Amino acid sequence: MSQYLISHWGWYPPLVYMLMAMLAASLVLLVIAGGSVLFIWMERKVAGRIQDRLGPTRVGGKFGWLQTIADGIKLLSKEDLRPEGADAMLFRIAPYVAFCASYGSFIALPFATGWVGLDINVAVFFVVAVLGLEVFGVILAGYASASKWSLFGAMREAAQVISYEVPLGLCIVIPVMIAGTMDLTKIGNLQSGWFTNWYLFHDPFTFITFFVYYTCALASVNRAPFDLAEAESELVAGFHTEYSGLRWSFFFMAEYGSMFLVSALGSVLFLGGWNGPVPVAAWIFGEHASQLSGVAFVLANVLGLMTFILKAVLGVTVMMWIRWTLPRLRIDQVITTCWKYCTPIAAVMFVGVISWQLMGLPSGGDVLPHHEQGLRRLPGSLRERPFEAGDAVPAANSVGFESEHADRERGQADG
Amino acid sequence: MFDLLTQPVGLTHYLIVGAVMFVAGAVCMATKRNALGVLMGIELVLNGANLNFVAFGSNFLERNPAYQLGLDGQIISLFVIVLAAAEAAVALAIVLNFYNNHSTVDVDRADELKG
Amino acid sequence: MRTGNGGRRMGEINGHTVLFLFFGILACLFSLAVVFSANVVRMAFYLILALAATSGLHFLAGADFVGTMQLVLYVGGTLVLLVFGVMLTAQNPFISLRTAGGDWIVAALVGGILLVILVPVAFQIGLPPQDAGDIEGLTQREAVASSEPVSVPTATRIGLGLLGVPGDDVSGYLLPFEIISIHLLVVLVGAAYLARAKRKVVVRQESQNSAGS
Amino acid sequence: MESILSNLLLLAWLLPLASFCVILFFGPRLGTAGRGAAFVATGAIVSGFALSLTALILWVGTHGISGAHHADSADTHAADQTLSPDSQVAIDPSAAAVHLVAADHGDAHGGDHGHGRVGPKAAYFGDWYTLVDFDRLKITIGYYIDALTVLMFTMVTLIASCIHFYAMGYMHDELHDVTDHEVTLSNGEHLKRPGRYHRFFQYLSLFCFSMLGIVVAGNIAMTFVFWELVGICSYFLIGFYIERKSASTAANKAFIVNRVGDFGMIIGLMALWGSLGTFSFGGEKNDAGDIVKPGMFAQARAETDHYALKTPEAMVESARQMGAEDPEHTGHVLLIVAGLGIFCGCVGKSAQFPLHVWLPDAMEGPTPVSALVHSATMVAAGVFLVGRFYPMFTPEVLLTIAIIGCITLFMAATIAITATDIKRVLAYSTLSQLGYMMFALGVGGWVAGMLHLITHAFFKSLLFMCSGSVIHAVHTNEMTQMGGLRRKMPITAYTMLVGCLAIIGAGVPTLVGLSGYYSKDAILAQALHFGKNNAAWDVMFYVAAAGAAITAFYMFRLWFMTFIGQPRDPSRYDHAHESPRVMWMPLVVLAFFAIFVATPADIENFTDPTASPMVQLLEQARPDGTGIDFSGQLAGVMMPAEHGSHDEEIHLAAGMIAFGTAMFGLLLACCLYWWRILDPEEVRSMFAPIYRFLRNKWWFDELYDAIFIRPTLFCGRCIAQCDRGAIDWLIDHLAIWMRSFTAGFDRWIDRLFVDGLINWVAQRTYALGIWLRKPQTGRLRQYVVFIVVGTMAMYLLATFGLTN
């Protein structure tokens, strides 16, 4: 699409690139911001229900739909305070760092086949890497606030995050290993067909791995019961004690963005991503979405998108459920959980999955006959191959920010 | 020199960025009295060098074909990254020990072994 | 689409160039900011940004795996560690340690000379030769300055290279890989040992006194 | 046949070695307190006996039992002549050609003389394993198997088996901790030590291995090796009660005295090898089985000379090379020297005069050891070697052997009269009987000597074991404390009586007798024959006959003192008891053999002593060429052929004299010790000087002490004094002077040059370090600058400095 603008309309190329980038960025922003609004409302309702009350009920009608919007307006209108003795620049910039990290990782997250900000080969690691940067925002905020509560919170956060990156990475490597690629789109498409193709049901080890992953994800996005950095009973409000107004809301958006992201990542890696439990699209259109084109592709992808978002939201809901159910751990318990439980378990699962693969034991996908499944598991030596030369890429230039990629792919196929 | 901005990105671009980072790192090491500042200088130097490796190994840059490193460049820069992590861990441990023993992180005070 | 055949193409600006300029300038700028900032916490912050920008440059150079690794390990790991150290030692006297003017002059002099040496070298070896078009086969590949960040899978080949399987443009690196693995393990143990809490022998003076009296 | 026989004997020979190794490594762990060691050792030797017996049966089956050749039995003679080569052709093709040729010669020769077997005897020889093979020197583990070898194997393993069984009972004290009442420690207590049951059997096994090694040896070097092994086993076993001073001294004495003999043997070996170039008895074979180098026997008694003894060409040649004026003569002397040297070893091993002093003392070992080692087998090794080496002995040497044997038999017999220690009586008896054997061999009675060797082995081991049984019962060796034991231990008493009767050669003249009867008669007959042919030496026959009388006397003195009459020590008598079955069963077995081993099996020729299978077999083994008369070149002595002694006249005379002397001795003993007609005390006081002389064993120990030991010690002291006073003094003072000189010189050099150099280097290094420490400012940031500057300098140097 950008090429089209440049070559047919003669626009100044840098301008075109900027425009396209902003288009994509705003789409993702929409997801995060909208998602955050939804999640904050949901959090209140879930918390209310769990605590046997109703939660917000008034603003926007019966269910308090617009409560978050109202909160946002309130936050916008608040005075932007800055403690004396704080490092002014870092204090101001810290929330944006946190938010940017959370937001940046959405670049590589596919929402359905081909619907991705930037289709890179190492998408899994990219997502994890960028998400890991969120901790800087927290640390800087903690330091810059010139408050010991904030500093404590930040220190805890730093210790916790770098610890939990190890088991998290191990858990993520397992589906990557099964799929033979780090490209999230390919990983998602490999799990198409019946739900038995999901890596969750690949073998017993992946089943356990998913729960380890979820635990670690909880810790790495700083959610209860691992929310030591903002433990209100000990540290007032942790690293954002001194924040208020819009800056504070950025932290919140980052947190909910991260929650959504790890849930989405988990669903791509383990729960089949945008593939439903039954191959509905295949029944309707005769083929799986990744092999379709034109309107059918868009329709199938929309179906997939809805499935995907449903799974991610479900993950976030469970997080809320956990938050309002389990008590907070102590910092030593958090670290113990990481090093003495999650890491060894993940390592054992890792070895287990390797052995499972090596011994050629049947996976979940083998339960059903192969013709029922869209894309079969492939032998390891062919892992990198099945999605090259455009078979996994829609032929149509359906979405703007996808076009360049498709162009290039087509060019390669032609050449 | 200024036509760099209007030319297609080539090896030179990367080398210059790398050189700037390298020099910045070296100067950082030479001027910072804080031990952690020195460490940061080291990281900058390593990154400058790393950037050069990647650039030499890249297929997408305009360059003299004689200087083509291929994927080896990327692998070497991977090694550098990993070793830098190890180095940082040990250096940080040393700095913390130094801090514990001397209650300071001023490298100018760490001259007990001077000749 | 590609017009140049190895000659210098002027004035063609594409997304790659834009992004490169963005990241390159960012990297240089924040590197210098690290040097000139006196506050160690800010230095750390600038360093993070400089390294993140470097990772962007890696992506632009087609090294997506290295770029990601830079983010995961360097920015997400090493620098967190560094910031951790900064915060552990960030007491007021040490946040801003002033450097003597003489040191600055010497360092600037030396750094300047280094830069003066390095930049011409960069021009000397970085530019394609004027008659590069004569070399068949190479120009097709080398002279391509991609108009967009492309991602040709490198992770697999790098992984094979690390496992000692040489490819068409990669050698086998099994031994270095193993050495580095062991090295990392040793460093892990060593760092933990160096930084461990020194256990002090608590002399129970009170109990002894009470027992004596 | 050769391979079967050699493998059978190899196995029988190596089994005791295996047993030794097993006990050596696992001894104390074999059963409780090492009880299993006895079963291992006994099992090995009994298996060895079974194998040997198989070999004997095979031998008899192949070669028949007949071997004697009489002048009047030409048919038999001829039949044997043809039978022997035929069987060889059938079974031993490799030697067939040789033997066929030999048969021709035998016929021709037999026609001339008509006496004795002149064809080659049946013998297998070869090598199992080559230890070293240099050009001239070839040392192998080989075998030389003839009828004698097989017989000796059977005899040794049989007696050893009996003794093993006997020892299982006799040594049972050693199964637990032992308190040795004969050893008193410095604190007045008796020595307590752990039992050495397994060690005893370990030594016994090694001994059997060594003895069998001598018997089977195919060359004289191998013989010598096992000769020494037997010696060391003897040393171990005599010194079994090592804590007893007397035992350790006796062990040393036996070992040292044997060394004297072995020294002579080494001289003999050197003479043989230096001149003949081979150690092998039969000859050295190549891989194909052809004889590449004739053996010693073949060189001394060449087939072409009809096996007549002749100075070997090689000896004459070496004498010529030495520059002798008369090579023939010198070569002959060389042969004599070789023979005397070998005999010297035999003198030591068989305890002949004058090296006999060790054997009585060797009775310090446990009685089974005495029975096996010092009566039946080991001392028999000397006699065996003389018998084996017989073809190489010139008449001069044989005369020497006869004289030595004669002296020994008489001297030992006289000493035995006065001995009161039951084992010592038997020890001197052994000496005397060995003297008989040597004497027999010396006067040309090869078969007689060998027969006596075998019969003596049986009855002497029987006697020793009976004495052991008595000692076991009364816990003393002194006959003066025994008496009347016949009632307490009848089996021992009557088996011992059998042994005594056998040793004195009891029998009905010209009719039948115990085994000793045949062998002793044969010896005396040959002695008489010899005396008739050499009048100058006929005194030796009378000495031997007198010896027979004395033998009868002291043997029955022993038996009467032990078993007859009233108990002299009631307490010991009361405690006496018959030995357990494991001890008396061997006695019965041996008694059986002591009676029948030399009995003629042929009913028709029952009264003919030469018809005995044993004699016939030995006749088969008779060395080639010794069946005829031959005379010496130097001493003018004539060795009569042995079959001459079978003449009715000579044999009857000798037999009657022997019977008469034996009966005389027996009667005298009865008078003195049974019927008490004469009082021993009176007789003793009547012949007091002679008694003292005999009681002190002819003062041999004192004599040796005076002429060898004291001068040696005196010399040693003188030399030590000289060493201490003169040489040490000189060296000490030289050292002191040298030390003081070098100390000064050394110090000067050290200070001036060595230290100076080192100090100079050190100072320079120090100065350099001082200078180098200046850049070491301890300021990290300056180092960084240095590094950068250095890098830039290198770059500039590389760019502008080196490329231009």
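Order of writing sets the chain letters: A, B, C and D. Residues in each chain are counted from 1.
Methods note: contacts are C-beta pairs under 8 Å (C-beta built on N, C-alpha and C of every residue); 3 or more make two chains touch, one makes a residue touch a chain.
Here the structure is a predicted model, which is why all the values come from computation and not from measurement.
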Discussion item. If each step moves to a chain the current one touches, what is the fewest number of steps from chain A to chain D?
Written reply: 2
Worksheet item: What chain pair has the highest count of contacting C-beta pairs?
Response: B-C
Discussion item. If you average the CA coordinates per chain, which chain's centre is most distant from that of chain B?
Written reply: D
Worksheet item: Approximately how many whole Å separate the CA-defined centres of chain B and chain D?
Response: 92
Practice prompt. List the centre-to-centre spacing of chain B and chain C in whole Å, with centres computed as mean CA coordinates.
Written response: 6
Worksheet item: Any idea how many Å lie between the Cα centroids of chain A and chain B?
Response: 32
Response to the item:
Note: chain A residues in touch with at least two other chains are none
Response to the item:
Flagged in chain C as touching 2+ other chains are 13-14, 17, 65, 69, 77, 79, 81, 84, 103, 106-107, 110-111, 114, 150, 152, 154
Worksheet, complete the sentence: Where chain B touches two or more other chains simultaneously, the residues are 26, 30-33, 41
Response to the item:
Touching chain D in the complex, chain C uses residues 103, 106-107, 110-111, 113-114, 117
Discussion item. Give the list of chain B residues in touch with chain D in this complex.
Written reply: 26, 29-33, 38, 41, 107-108, 110-115
Worksheet item: Which positions of chain A touch chain C when the two form their complex?
Response: 2, 13-14, 17-18, 87, 89-90, 93, 118-122, 125-126, 128-130, 132-133, 135-136, 139-140, 143-144, 151, 154-155, 158-159, 161-162, 165, 169, 181-183, 383-384, 404, 408
Practice prompt. Provide the residue numbers of chain C that touch chain A in the complex, in ascending order.
Written response: 13-15, 17-19, 39, 41-42, 45, 48, 52, 59, 64-65, 68-69, 71-72, 75-77, 79-81, 83-84, 87, 90, 148-156
Worksheet item: Quick one: in the complex, what on chain D touches chain B?
Response: 772-782, 784-785, 788
